[in-house]
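Two complexes follow with chain A in common, the first pairing it with chain B and the second with chain C.
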Partner chain A sequence: MTDRLLCGWRVRSAVALPELLEWQGDDRPPDLTVRLGAVDDSLPGGRTISPWLQIDGTGTGLLEVPMVGRFLVQRSGDITIAPQPEAREAEIRLFLLGSVLGLVCHQRGLLPLHASSVVIEDGAVAFCGHSGMGKSTLALRFAQRGHAVVSDDVCVLDTGSPAPVRPSFPRLKLWRDALEDAALPTEGLERNRRGQDKFHFIEPQAGVRGPIPLRALFMLRRAKHGEQEGIERLSAPLDILAALETGTFRMQIGRALGAEKALFQAHALIAGTVPVYTLRRLPDAPPGRWLDAIAATVRG
Partner chain B sequence: MSGLTLIASYPKSGNTWLRAFLASHLRGGQPIDLNVDLARIANLSARILQDRHAGLEHADLTPQEVALLRPLTSRRVAHDQPDFYKTHDCNFVPPGAREPAIPADAINRVVYIVRDPRDVAISLAHHFGWSVAASVERMADSAFRMGRSSPCLNMNVEQWVSSWSAHVESWLDAAGLRLLPLRYEDLLADPLQRFTELCRFLDLDDTRQAVSRSLEASSFSVLASQEARTGFRERHRASNAPFFRAGGAGGWRSGLAPELAERLAADQGRVMARLAYR
Partner chain C sequence: MPLSPNSEIVRRSHPFEAAIGDTQVLLDVEQGFYFGLNAVASRIWQRLEHPVRVRDLCLLLKAEYDGEEARIDAEVFAFLAQLEAQNLIDVSG
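And now, the complex of A and B:
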């Protein structure tokens, strides 16, 4: 199977990863190797970081998702998956390219944000927020206007200066209503989980290969009762740092791996170099409404 | 305080009234803003809370995985963020899980509110925009869940509610819980006495003056007129009536078709008799 490209890494995988671009770089050995094999149900010396994740003193992580399988993730980049017999490939890829990717980032001292991102004005613009805030839907709407998708759930940043984004893949996870609103059929799309009304949509525009600068960050918020919708630039450093901490994917893993200080420094660097905005929207706001305003804000 | 202090009930049984009372009482009986202060007693199944403590996104899990995960997450919330929470979860073990969503060792104490199911049926119908017949059917359905994400994401994770009778007995008969049972009808009939008992159970100020003040701030007329002025964010999208609609007891006598009252008595009669709903 052809090697693939993920966040600048060469990935050799026993599991097909059609979301990822093909590796076209040099002939270096793989940075990440994904194998199928037996994985014990507990990690010797492992601490429970969250209900289904243990991490041991060497930084090796073990994730177990009951109906999908076990993922043993070593700092060396060796990933072993023991799938449940009934697990579907899309389900295995969902956790490999989500939770496991987040763990790998923390193991390698990178900053993963819980964000989708697209290319606007030669840079990455990231949309950060909790489940249900519309990250993927915004990325889809920009993709439909011809913007390349840089990442979906996990937007990976280098911690150097200025912090570039390492593109992941142009696959978006979308609920049925978001696809239908965008006039896209769900037929033929893989389901996120069996029986679930959420699908994997691979953006047909080519993805992005090399690192690109982070142009802007939008923290997606739901307008509370009586609040106005709108875009507002965060200016107080503490507000920006708090927003970035909340927006960091699996922050508790970073803490468990002793990376809290490095993550704080990475947040501070972004706070000092990249404009951070809140985008406050009503729950029923049409997804297309803010696209022009976002693009105009990014252009300045 | 350690562990979760739960305001538990089947839906539409008075949970929001107790939350409004507590929201005021915990701030010395001050007036409350429905759309801000009720968050003081948050829904334990709120997606953001569950995602944060589980360390993953429930939107990527199957309902069965959610059922397996919830007790583990409840223990983490109990440890890391002990507080008052509302819940509509049934306290039996959900299908496919090994423990109830909120295991006893995560619980500090429980206030359980029960309301005449014939009034619940009418209120439930208005809340969800269902027919009353559909409510009656749903109340007998041991597979009843809330928080399902389809065709879009629900802002709560899945809760297994089960039938009205199972819900009531799952809490009232649970072993090893410090539990205060309250009948909605008794709260209405003698609010000062009952809310004083509530405050005593929760180690809150139970002086007459304090309880009266918080009762005033959370009275039906105050809540209903505030909803009329500003709306209420917890009102269901499909609802066909205000959230604070009638707030009384015995509305079923004129508002529930006799055959539906009979159907409820047939489905829920044994547990209704236990609670003196005749």
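And now, the complex of A and C:
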């Protein structure tokens, strides 16, 4: 099977990963190797970080996802997956390219933001927010206007200066209504989880291969009753840091792996160099409504 | 320990520190909070790297900044009390 590209890494995987671009780089050995094999249900010396995750003293993580499988993730980049018999491939990929990717970032001192991102004006613009806030839907709408998709769900940043984004892959996870609103059929698309009305949409536009600068960050918020919709730039450093901490993918895993200082420095670097905005929208705001305003804000 | 002009102050070692624009930000990892220092507060924080008496610190600031002396004293005391409450400094004497 052809090696793939993920966040600048060469990935050799026993599980097909059609959402990733093909590796076209040098003939280096793989940075990440994904195998199928037996994985014990407990990690010797492991501490429980969350109901699904244990981490041991060497930084190895064991992720156990009910009805999907176990993922043993070593700092070396060796990943072993023991799937449950009923697991679908799409579900295994979902956790491999989500939770496991976040864990690998924390192991390597990178900053994973819980964000979808697209290219605007030669830089990555990230939409950060909790699940259900419309990150992927915004990315889809920009993709339909010809913007390349940089990441979905986990947007990976280097912690050096200036912090570039390492593009992940051009796959978006979208609910049926988001696809239908965008006049896209769900036929032929893989389901995210069994019985879930959410689908994997691979953006036909070419993804992005090399690192690109982070141009702007939008924290997606829901306008509460009586609040105005709108885009507002955060200016107080502590507000920006708090927003970035909230926007970091599984911050507690980074802490457990001793990456706290790298994360703090990365947050501070972004706070000092990249504009961070809140985008407050009403729950029923049409997804296309803020695209022009976002693009205009990024262009300045 | 109550702060007095004779108190000697020194900052605790604080590995997580970064400048964001004009603001110096400290992260207290154990307690999980951020502390933002404006330009004057950052100057005081720098000076607290080595032990200094409160009285001498006030004199130094009066020499560096314009302002009513009593007000500078009051603000320095208030700021130090805040730092002490957050366990960011050691107070002796």
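Please note the rule applied: the second predicted complex is superposed on the first by the 300 of 300 C-alpha atoms of A that agree within 3 Å, B and C clash if a C-alpha of one lies under 4 Å from a C-alpha of the other, contacts with A are read in each partner's own complex, and residues count from 1 in each chain.
Everything that follows uses one rule, which is that a contact is a pair of C-beta atoms (placed from the backbone, for glycine too) under 8 Å apart; a residue touches a chain by one contact, two chains touch by 3 or more.
As the structure is a computational prediction, the values presented were derived from the model and not from experiment.
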| item | value |
| --- | --- |
| Partner chain(s) touched by A:A271 [first = chain B, second = chain C, both, neither] | second |
| When both partners are placed on the shared chain, which of chain B and chain C touches more of chain A | B |
| Chain B versus chain C as contact partner of A:I240, first or second or both or neither | second |
| Contact footprint of chain B on chain A as seen in their complex | 49-53, 65-67, 94-95, 98-99, 130-132, 153, 173, 175-178, 180, 192-198, 224-226, 250, 252-253 |
| Residues on chain C engaged by chain A in the complex (per definition of touch) | 15-16, 18-21, 23, 25, 27, 29, 34, 36 |
| Touch list for chain A against partner chain C, complex | 236-238, 240-242, 260-261, 264-265, 268-269, 271-272 |
| Residue numbers on chain B that touch chain A, as the complex places them | 35-36, 47-48, 51, 53-62, 64-65, 68-69, 72-73, 76, 149-153, 155, 230-231, 233 |
